[in-house]
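Several structures are given next for inspection.
Both of the next two complexes hold subunit A, though its partner changes from subunit B to subunit C.
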Partner chain A sequence: MSEPLLTGGLALLLLGTALSFLYRSKNCRTVSLGLTFLSSGLLSAFAAGMLYGGREVLIESYSFLSPLEFSFFIDRLSAGFVLLISLVTLGVSLYSIKYVEDEKSEGRKSLHVALMNLFIFSMLLVVLSANGFSFLFFWELMSISSLFLVIYEYEKPESGKAALFYFIMTSLSTVFLFSAFIGLYTRTGSFDFRGFGLLSPEALSWTFLSLFFGFAIKAGAVPFHKWLPYAHPASPSNISALMSGVMLKVAIYGLLRFLLAVEPELWWGVLVLAFGSFSALLGVVYALKENDIKRMLAYSSIENVGLILIGIGLYLIFRVSGLAGLAGLSLAAAGFHCLNHALFKSLLFMAAGSVVHETGTRNLEDLGGLVKHMPQTALLFLIGSVSIAALPPMNGFVSELMLFQAFFSSSALAGAEAPFLKVLLVLSLSAFALTSALAATLFVKVFGITFLAKPRTEGAERAREVPKLMLLGQAIPAALCILTGLFSARLFTLFGLPVGFGSGAEAEVPDMLFVGGILMVTYLLVWLSVRNFGPSSGPRVCKETWGCGGLAQHPSMEYSPAGFSEPLVVIFKKIYRTQLSSSRSFADSQDCVFEHGTAEIRLIKFFEEYLYLPVAQAVDRVSMKVAGLQNGRLDTYVLYVFLAVIALMGFTRWFA
Partner chain B sequence: MILNSDISFILFCLLNPGFVLLISPLYMSLIKKVKAAAQGRKGPRLLQSYYDLRKLLHREVVYSPTSSGIMRVTPYLNLAVLLLASLFVPVIFIPEAPAGIGNIIVFIYLLAIERFFTALSGLDAGSPFGGMGSSRAMSLAAVIEPTMVIAFAALAYVLKTVDLHEMFAITSASAIPVSPTLVLVSISLFIIIIVETGRLPVDNPATHLELTMINEAMILEQSGKNLALIELTHSVKQTLLMAVLINILVPVGLSGGFSGGLTGGLSGGSNLANLAVSGLLGSALAFLVKAGLLAVIIGLFESSLSKMRLFRLPAFYMMAFFFSALTILMEVFA
Partner chain C sequence: MITPGFTDPLFLEGAVRILFVFVLVTAALVISVRNLASLLTTYTVQSLLLTLIAGLLYLIEGSPVLLAISVLTLVSKVLLIPFFINRVEAKIKISRDMKFNYLEPTSSLLVSIGLVLLVYVFLSGFVGELALGRLFFFGAVIGLSLTLMGMLVMFSRRKVITKVLGYLTMENGVLLFGIFVTELPFIIEVLIVIDLIIIVLLTTIFAVGMDSTIEEYRQKLQRLHIWPGREYL
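Showing the complex of A and B:
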């Protein structure tokens, strides 16, 4: 391996893992996380260099059984995702130094750090893998290390449920990937990803379906999303930041790796677009109803994965239709949104982790007024909220802007399917617009309820600002959110993407630096011109909020989070499928004298109750039947062996 | 080296926001006047909004001890954002703007910044009214968003550009509306103006302390010069949205290819410059009259309707959505 930055970075990461596995002391953990920080610095430099230079590196390495070999390949796509992983790790490693010390047992603290490093390491190697075998190997390592981190707080019953959900869904995802890669092997004789290009169109479609479902489960697209809102609240916040910010993107990487290697078909694009639109809309609609801050962020991740899938779907549709410029724009939008979501979602999860750490609750109903006690955390959370709500000139806005532009330019579509596609795109565009506006509403709610007004409980009252190192860990992604937004068009040009501004760009992206600059200037002008108005002397007046005649303002008068989302809950009641039930009994025969009654408002967990549970029950029933075969008597087993031999003989006689 | 296009853009940066800022309060009073007339009252003077703003600017600002920096920054930020947004909607002449200024999506999202921070400041003081206003405003804005985006997408479909400046250049180049479908989009745009500026039947700007209010509830805790800034922001927003509709449907008077002549005039002779200045005055006057007419229509529209129940509103929005989606469908199958 002749890439010192890459080798060095990975070696430091492994060293950090080993260190905290072997030694259980605070210093070792700090050194280990310091090594993680250093390694992500090296890796970001490496990935940025690769992206800038546009080089490609192939590393053939260890092979222990003829087709099963580890080989690695780095092109611009994988360099982009290495950059994403290491930029997020940069902040998370600093944040974790203080955050992990909250646990009581020394051993668990060290295990936390070791597993986290292993998790990061495996994600990096998934992205670098050049063949199906090493991809799956590190994919499973990634799943298992994160599974352990999900059941990190194993005493809590909710962690068990979360881990079970996560384990089953991630195994299902692996099954799909396995079948796709084995199909690749049987048809081309190798696990190498370059073999995708050699498959016949029919085999390619099956491979696509298999890979798409495998990756969609891992990325949390609706209806395979259910594990996210369970796993994220259960795991520690730094791990949520990594899982939501990075691991979901690794699945997106896998999908892109395949799609860029083959000739896609039109219906793939339509399928991906449909999944994307549904995930985006349902993700944000469910998030609005949620009052658990981390679960809400998990639903918001589903929404953002939906937006990324919309970008990929548009890319496929435009590519098949021969519109290279628009395809490039959509792909760049999807890729950039991956990076943006990684940055602001890790920031938000870390800031939410600080809030949960300080107040001891995840319930929005119990928070409030934190801006007074945790001003820096509030500012960081605000930066994350503004980015995810896609307000200019932040990075989240730029990627959504690119998606909008791709949609708006779809009048260029031509051909026999064009009318159908245009109508489909209009529908998808309206879903996308609604999603984007609902996300803004969602983050007004979360920021407003958590940080503004008065504390609703004593826990929120007692909160204090978190240590400097934790703030610094969040400041890194926050600064990146602002910088990648402002310099987006320049970055695209620098890294040689076909989008940007000025001549030479196939698709124009407005220059956010210019917009942001003018905004600064106008703000200053407004401030300067209004500053001198008003009575100049006298102290600043402070009066209690008007309380409708009440003397003192009480937190219970504030608008509650449930109240905040009530209008939307009413408007979208068809989606939420709330079940109202009431029963009454009367003391007399004429139903006049009311005796007692019950009333219940229940939110039907649609996917859980109508999709997951029936499947689980069916599996359960089949398992019970199979278990009935095992009666523990020797003669029965001899009979089974005898029947098996007969069946085998018949099989070889008739079929082979 | 300063190019002609730069001069035209710098001039535009000074003239357009300035002009919009100057005329915006006028239409607030005009609409009130029309509504008063419809109800048989005399109504305020036409310049009443200006007097109100002057009065508020000289009053002290009272902050609640519960409130935070959000409350203090929002009024300034919102006006700044709307002034930036005014660069996207030329009302007098169309400059040669750098790429991105004029992008229709950036324009929509600049309005979203204003809404986001107003809603946050509504929650900031912890008053139940503010929270109620924020919740309703954000919810209704979210539901109108697809309509707004589809309406603008319909414009982009018909006029084949995502840039408002280019759109206006195309529409002002022809005497009649470029495409009959634009008339359909205009209906949606009109409903969007009604919704975004919080007018009947969506919101009642004339009430205070009633359960019907949305926007007024959010800014209940604002006072003094901050309130003046917020009122000004609101009127600028109304003018900009009206300008979009006017420049799409009746762009008569908007100087399309004027910038060349203008800068030529500046560097050439005083004759040309005089001509340019008188042309600008003509455009400004034309916009003043057209926007006045639209304001009268809005006033009459408001007078003819009563406030809708909150949860009836999505149906009202669907109407606007229908008209803009219809435009796109007509373009697709034409």
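Showing the complex of A and C:
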């Protein structure tokens, strides 16, 4: 390899992995994570340089059988994702130095660090792969290393369930990818991604479907999303940050890598857009109902993957319709949202991890008042929330604005399908707009319930601020959220992405630095006027809030998370599908004297109960039948051999 | 008086054809006979028939390998192996194998007829490629059928000793097929015979511990914790 920064970065990561695999001491873990940090720095510099310079590098590295070879390719797309991965790991590695030390056993702590490094390494190489073989190899390495991290707290029963869900879904995803790559090989004679361009239109459609389902499962698009809300709460928070922030994007990368290499068809765009809209809306609707802070963030990841897919769908539709400018805008929006979501979701997961670490609970009902005990974490969480809620001038606002711009410009669509497409885009736009609004509500709820008011439990009362290093780890993505927001227009110009800024193109993205300046000045003026001319000029009096005549305020009087989302739950009752059940027992035989009763409102897990479990049960039944063939008796096996020989004879005689 | 010319190829070929019929008869007996002593006799006769076929073929073709095979078969399969199995049968004190799996003898015989027909149809598809004479084609059909019938014996009968005889029958089929079609190198034939003898020897050794069906033998092993195999339904 002739790229010293890349080679150095990857070598440091491998060194870090080996170090914590081999030696189980705190110093080794710290050094190992330090190496991760260093390697992330090198790789960020490398990727930024590649993105800026627009060079392309092909690295034929190792071939051990003729079609099975490792080869790597770096262009702007892969450089962009390398940048994304390394920026997130920059923060996560610092955060993890203190975070991993929470565990009891030395061996497990070291294993945690080693697997995390391996996980990062495999994700990087997936993104760099130039052919299907190396892609699948590192894809599986990525899945397996993250699987071990999901099952990290294996004593807990929910970890087992989460790991099972994750394992099955990720294997299913690999099956789809496998069939696509095998198809590529049989048709072009090579696993090389450049072969995608040579496929016939029909073969291309099958490859697209196969790859899309494979990547949609891994990215967690509805209805393949179910593993996400299980896997994220089960894994340690730094790993959730990586999985949600980065691994989902690796799947998006795979999809983009394919789509950019081929000539797409219109229905692909419609399909991707539909999946994206559903994922976005359902993701945020489910998140609103959730009271587990990490599971809530997982649902929010589903929503954001939906937004990214909407961007990709728009890109495909505009590209097929010949609107290159709009296609570029949508693609840039999708790509930028990938980066943004990686930044703020890893920040939020890390901050949530700090909260869980300090309070010992993930349940929002048991939190509250943390802003007094953990002010810095609260500030960082607020930055993440503001970004994900897409408020200006943060980065989330920019990418969502770009998507809105693309939607609004869809009137430029022309041609036979245009009426249909316009209706579709309006529907999708309304789902998208609703999603944005609900996402803002969601994070008002999470931040308010977690950090404001009074502590609801003793655990929340006892919480203290986390160590400086953990805060620093979160500060990196937080700062990047602000900076990429403020300088978004400049970044796009700097990296020369095909979006016209202020140059008479159909859609423009405003200069956030300017918007940010205006906002700053406005806030300053409001603050000054309130200070100088407000009612507080008299003596300040501190009294307890009016408590409806009660003597003391109690945390149970606070706005609860369930109460906050209740109006929305009522509106979306059809989606949540609750089930009411009650039972009563009586003391006498005439059912007159009431003795005991229970009533329960249960949320039906729609996808799990109507999609996943029936499929699992069907598979189970078939497996039982097949297992019956395996009866452990010699005679039966000889019979099978006999029948196989007969069948083979018949086959060769009449069919071969 | 006209004395028949024993070296007349036509006569020899006719004799081989007659022997084929006898081979099929012995195969049918291996499938259906319940008495172990008769079963062993049947096998011995079958091997003797093979010896004769190889010998007659030597007279027709004149290839010394065929003579060698004939002698080898005589020594190993007519004398040595039956001798060992006889010892086993004496030791295990059972004389009859009454139990059958999957197929009863009557249906087994019907299936065997079907097998011969199937093999005939199967091989007739390859007559052009193999370039065989009519006798040789016949021999190939009988050989392959005998192999499959041996396999049928292996899964349809319960006693281990019968299974071993089924395996030996299979090998006889392979030998027959080899003589008529592929011309196995002699060394391979020798190796196969050595394998067979070792199998029979092992059977002799196991007979000490294994005196009935394979299920009971496995239960014995399970009791001794030698084999943790699990019984499925």
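Quick note on the criterion: the second predicted complex is superposed on the first by the 625 of 656 C-alpha atoms of A that agree within 3 Å, B and C clash if a C-alpha of one lies under 4 Å from a C-alpha of the other, contacts with A are read in each partner's own complex, and residues count from 1 in each chain.
As a convention for this text, a residue touches a chain if its C-beta (ideal position, glycine included) is under 8 Å from a C-beta of that chain, and two chains touch if they have at least 3 such contacts.
Note that the structure is predicted; figures quoted are calculated from it, not measured.
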Identify the partner contact of A:Gly160: answer first if only subunit B is touched, second if only subunit C is, both if each is, neither if none is. neither
So in the superposed three-chain picture, is A:Lys454 touching just subunit B, just subunit C, both, or none of them (first/second/both/neither)? first
A:Leu639 contacts which: subunit B (first), subunit C (second), both, neither? second
Considering only the touch criterion stated at the top, classify A:Arg653 as touching first (subunit B), second (subunit C), both, or neither. second
What's your read, subunit B or subunit C touching more residues of subunit A? B
By the touch definition at the top of the document, which applies to A:Asn631: first (subunit B), second (subunit C), both, or neither? second
Examine A:Ala389 and indicate which partner it touches, taking first as subunit B and second as subunit C; both and neither are also allowed. first
Which of the two partners, first being subunit B and second being subunit C, lies in contact with A:Val426: first, second, both, or neither? first
State the interface residues of subunit B toward subunit A in the complex, per the touch definition above. 17, 57-70, 76-77, 79-81, 83-84, 87, 98-101, 103-106, 109-110, 112-113, 115-116, 119-120, 122-128, 130-132, 134-136, 138-143, 145-146, 148-150, 152-153, 156-157, 160, 162, 220-221, 224-225, 229, 310-311, 314, 321, 325, 328-329, 331-333
Partner subunit B, residues of subunit A touching it in the complex: 368-369, 371-372, 378, 386, 389-392, 397, 401, 404-405, 407-409, 411, 418-419, 422-423, 426, 429-434, 436-438, 440-441, 443-445, 447-449, 451-454, 501-502, 508-512, 514-515, 518-519, 522-523, 525-527, 530, 533-535, 538, 540-548, 553, 555, 557-559, 563-568, 570-571
Residues of subunit C defined as touching subunit A within the complex: 101-102, 115, 118-119, 121-122, 125, 148, 151-152, 154-156, 158, 163, 214-215, 229-233
Per the touch rule, the subunit A residues reaching subunit C in their complex are 627-628, 630-636, 638-639, 641-642, 645-646, 649-650, 652-653
